Amino acid sequence: MTSADTTLAYTATEMMTVVSARALTSADVCFVGIGLPSAACNLARLTHAPDITLIYESGTIATRPSVLPLSIGDGELCDTALTTVSVPEMFRYWLQGGRITVGFLPGAQIDRFANLNTTVIGPYDRPITRLPGSGGAPEIMTHCGEIFVTMPQSRRSFVDKLDFVTTFGHGQGGDHRARLGIRTKGPTRLITDLCVFEPDPETKEMTVTSIHPGIDRDQIRDATGWPVRFAERVAETAPPTDVELETLRDLHARTRRAHAADT
Amino acid sequence: MAQFMSLGDAVAALVRDGDTVAVEGFTHLIPHAAAHEVIRQGRRDLTLVRMTPDIVYDQMIGMGCAAKLVFSWGGNPGVGSLHRFRDAVQNGWPRPLAIEEHAHAAMANAYAAGAAGLPFAMFRGYLGVDLPAVNPNIRRVTCPFTGEALAAVPALRPDVAIVHALKADRAGNVLIEGILGVQKEVVLAASRALVTVEEIVDDLGPRSPNAVVLPGWTIAAIALVPGGAHPSYAHGYYRRDNAFYLGWDDIARDRASFTAWMKTNVLEAGPDAFAAHRRRLAVAA
Amino acid sequence: MAQFMSLGDAVAALVRDGDTVAVEGFTHLIPHAAAHEVIRQGRRDLTLVRMTPDIVYDQMIGMGCAAKLVFSWGGNPGVGSLHRFRDAVQNGWPRPLAIEEHAHAAMANAYAAGAAGLPFAMFRGYLGVDLPAVNPNIRRVTCPFTGEALAAVPALRPDVAIVHALKADRAGNVLIEGILGVQKEVVLAASRALVTVEEIVDDLGPRSPNAVVLPGWTIAAIALVPGGAHPSYAHGYYRRDNAFYLGWDDIARDRASFTAWMKTNVLEAGPDAFAAHRRRLAVAA
Amino acid sequence: MTSADTTLAYTATEMMTVVSARALTSADVCFVGIGLPSAACNLARLTHAPDITLIYESGTIATRPSVLPLSIGDGELCDTALTTVSVPEMFRYWLQGGRITVGFLPGAQIDRFANLNTTVIGPYDRPITRLPGSGGAPEIMTHCGEIFVTMPQSRRSFVDKLDFVTTFGHGQGGDHRARLGIRTKGPTRLITDLCVFEPDPETKEMTVTSIHPGIDRDQIRDATGWPVRFAERVAETAPPTDVELETLRDLHARTRRAHAADT
């Protein structure tokens, strides 16, 4: 992409969404979460990855929504799916069966090895903030071929130590996944509003490999609760192209219109 | 064999204080009208089971029906937190709420094990995470061929399952289409099943030979409640009321506004109120 | 992603000597044409897996393709014995046949475990019977909550699954309707799946949202073979040729008559021969 | 039934079928086997038990075939079913789930405790006659509320000791089922061409409780490979009524016509 492809201003969330979308290909079978992952996956489908297979945990397989769902099981997902299976079947034959190439996960807290907490802030028995809990995340992280984590970056959420390990990323790093008998790659990218992290090949610590345009290293350090490591060669993330932005904005506009019409 | 009853009679007949009750529906077909009836009838000390306690359980918990919650994801889907659920867990309001917490894979497998008459469910999961340390119902079982340790959880066998479905025929056979969730499993896993439906028809009509149909003899009671899934939805009938989910965040954030809303819309209302949702949305569709 | 191929190319590409091959179809959708192609290509030393080895495996066993059979019921349904299967087990003709024998519940659960990526299947069964004494792949696993001992068998993960289905779209998505058997499970459990279909269409067309569809990326090869399930049947296409099953008893009883029939109808024929069955029966329907 | 209801001559197989049918009610959910059980279940449905639910192991639930299937999975069964589920689901949710009230089973060999052999005559490793094997029988016997066994009687098949226990009936008798943790009744009737056996309440040995018209005790003894016990009160089986016979013969005639038309 050249700078000539990018003439429009964009938000940090749009940057995150576009970077997430670019990581996907038509060959992927993707386990899609609600929110940014759903926007990213459908953006990929509407741009460079028209044949990508999107699966939502509600059981909808190869769905092609024209608007983004608010929930993981909006009717739109079923209406445009190749088929819809039960939730037990989704978790058994499709997720645990190893048929998903990539999953997206968010977290309320993340640590340097991309372990995630979505359970509780404070002690489990006397929580300061009770969060939603595990959902599908622990097994999505185990069974998908690889995982992209998407989270806006802040010291509150990028922490030195999780209050609770809801979802095992690279654990204590190194070969920890393999030692637990997990055969998938785990988190291969952490896409934030500032940069992209990838696991160090040896230690598996999440390491900055690409920085979004206009962001400097101190901003990243300030937003991270551990001493950030940068890769030897750090790229500058290509900004969203006009085509990417317009497609994404059209998708959001269609979604807003459709949801307004429902009320 | 399924009995056709009013919703009030069905809840009175099937749901008792202290029961383990699973109100299910994975985004689709959530039986809000039936849950409201349980609230109106003042059931107490329930163990509520549900993969995704969302608005329907926020309401039941906030109204004090539940002593315990068994769940795997508690939030307002696509919106944020469940304020009543949080208030119960963090502050014990209106009463303390015990929790037994799982992941989705565990709950889905546990319902399937219940439907299959097994004592436990086995799957590959819970690796490297903290939940087994706080939930004694997460254990391990060893594969007798490979030696691999797999996750084990007890089968879910609720006293009562409550689900919403599309339609029933006169013999009480019930059709479900669209997003299936664990509707079939929870009905088969439970001792008693209450199904609310959009309509009752003479015959289920032309359908796939593999349509998801629950035979009448697997169901205890069927109640006709058009619109009874609102603000959830019924495939082919009306759509999800996403605006309601967004609006719930404000209603439920505050104890007083929650209580006032429940008084007007649940305690002083009845199942017929749901018919309006059906009509309104059917017209818009 | 599914490749569209001729049946000959598909079998040549997917089935190798020594493979574990599951040719499935529970009465319905038995891929006879594909099995004939395996016989014609002279595959040897196969471990054949199938819940109900009926005529299709009588033919493969009688032609010497199989070194081992994994099964749970070996007979000609509604007719009687499988003479070629018997001759192999009792007399080692045309070659000795090792057997690993199960009950249906074990096989069905083992395919489901294979589809689910599990190392073993667990169910309540094999109580008080002699099979565990002769099959070391029947073991016990103990429920970590109740202490109950349940039956355990290894997951079935064949190298190749071969099934027949109704139709495929141009993207290789495959529709199955009617009696489903273990068709979905065996395809998902196998490393490579070969599906023969009655027709290839632009679009699978109007169908239940919960129709049983195998996505193209779960299938290695699709071959168009109209009538390819004969004498089994294809829901909505043609009916089971019950007379053929009755007639097979005489054909297969004798080594010479069997061999002569196979020479004429399999070795010297091709997949196109099956189209006649489709036409004949479609007219009669 | 009075003798006035019976004016037609009948065969021993018709007698067995009619007796089997009479044991069923509209409240039953019945796991149907091919052959005589299928004829009996459909005869019951077409006479005194119109609301009986018939399930075949191919996955067809609440099927109402107008002609008898040759196989367990003929298209007729699916075409007339309420719904058809997969075979794994049939064995898990419906059979093991305990939703079947009564199952029918045959055997190549049976012993006095209604254990069945359908595996092998002679040693397992060097069979004299290799039989079909287990099929669904072991778990049908365990999971259905009760079991009716139907077999024509002969010394070859009613044996003192089975060559192989394919299917556990009452085991060694007494509380053997309960000791294995089995909570269902097991074989409650053994219906032959000569008589009906029921298990002794204590010992569970199959005991003659009803003898078909025109059959005497010696005929039964001669056809049984163990010393037959007779109940204190033995009834005479009521002969098939004309309605039963005509309905059954119509069913068979329809079946023959349909199968002939298929060829």
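Every chain is named by a letter (A, B, C and D) in the order it is written, and numbering of its residues begins at 1.
What we mean here is this: contacts are C-beta pairs under 8 Å (C-beta built on N, C-alpha and C of every residue); 3 or more make two chains touch, one makes a residue touch a chain.
Bear in mind that the values here come from a model prediction, so they are computed numbers and not experimental data.
Traced through touching neighbours, the fewest hops from chain A to chain C number 1. Pairs B-D and A-B differ in how many C-beta pairs touch across them, and the larger number is found at A-B. Centres computed as Cα averages put chain B at a distance of 40 Å from chain D.
One inter-chain figure worth recording: chain C and chain D are separated by 28 Å, centre to centre, where each centre is the mean of the chain's CA atoms. With touch defined as above, residues shared between interfaces to two or more other chains in chain D number as follows: 78, 84-85, 92, 96, 143. Among the residues of chain B, those in touch with two or more other chains are 112, 116-118, 123-124, 148, 178, 180, 184-185, 209-212, 235. Every pair of chains meeting the touch criterion is listed here: A-B, A-C, B-C, B-D, C-D. Contact residues of chain D toward chain B in the complex are 29, 53, 61-62, 78-79, 81-85, 92-93, 96-99, 143. Contact residues of chain D toward chain C in the complex are 34-35, 57-60, 69-75, 77-78, 84-88, 90-92, 95-96, 119, 124-125, 127-139, 142-143, 164-168, 171, 176-177, 180-182, 259, 261-263. Taken in their complex, chain B has these residues touching chain A: 26-28, 51-52, 71-75, 77-79, 81-82, 85-86, 89-90, 101-105, 108-109, 111-112, 123-131, 134, 148, 178-182, 184-185, 233, 235, 239-243, 245-246, 281, 284.
Those residues of chain C lying in contact with chain B across their complex are 116-120, 122-124, 137, 139-146, 148, 150, 152, 154, 177-178, 180, 207-212, 235.
Every residue of chain B that touches chain D in the complex is listed here, in rising order: 112, 115-118, 173, 184-185, 188, 209-213, 215, 217-218.
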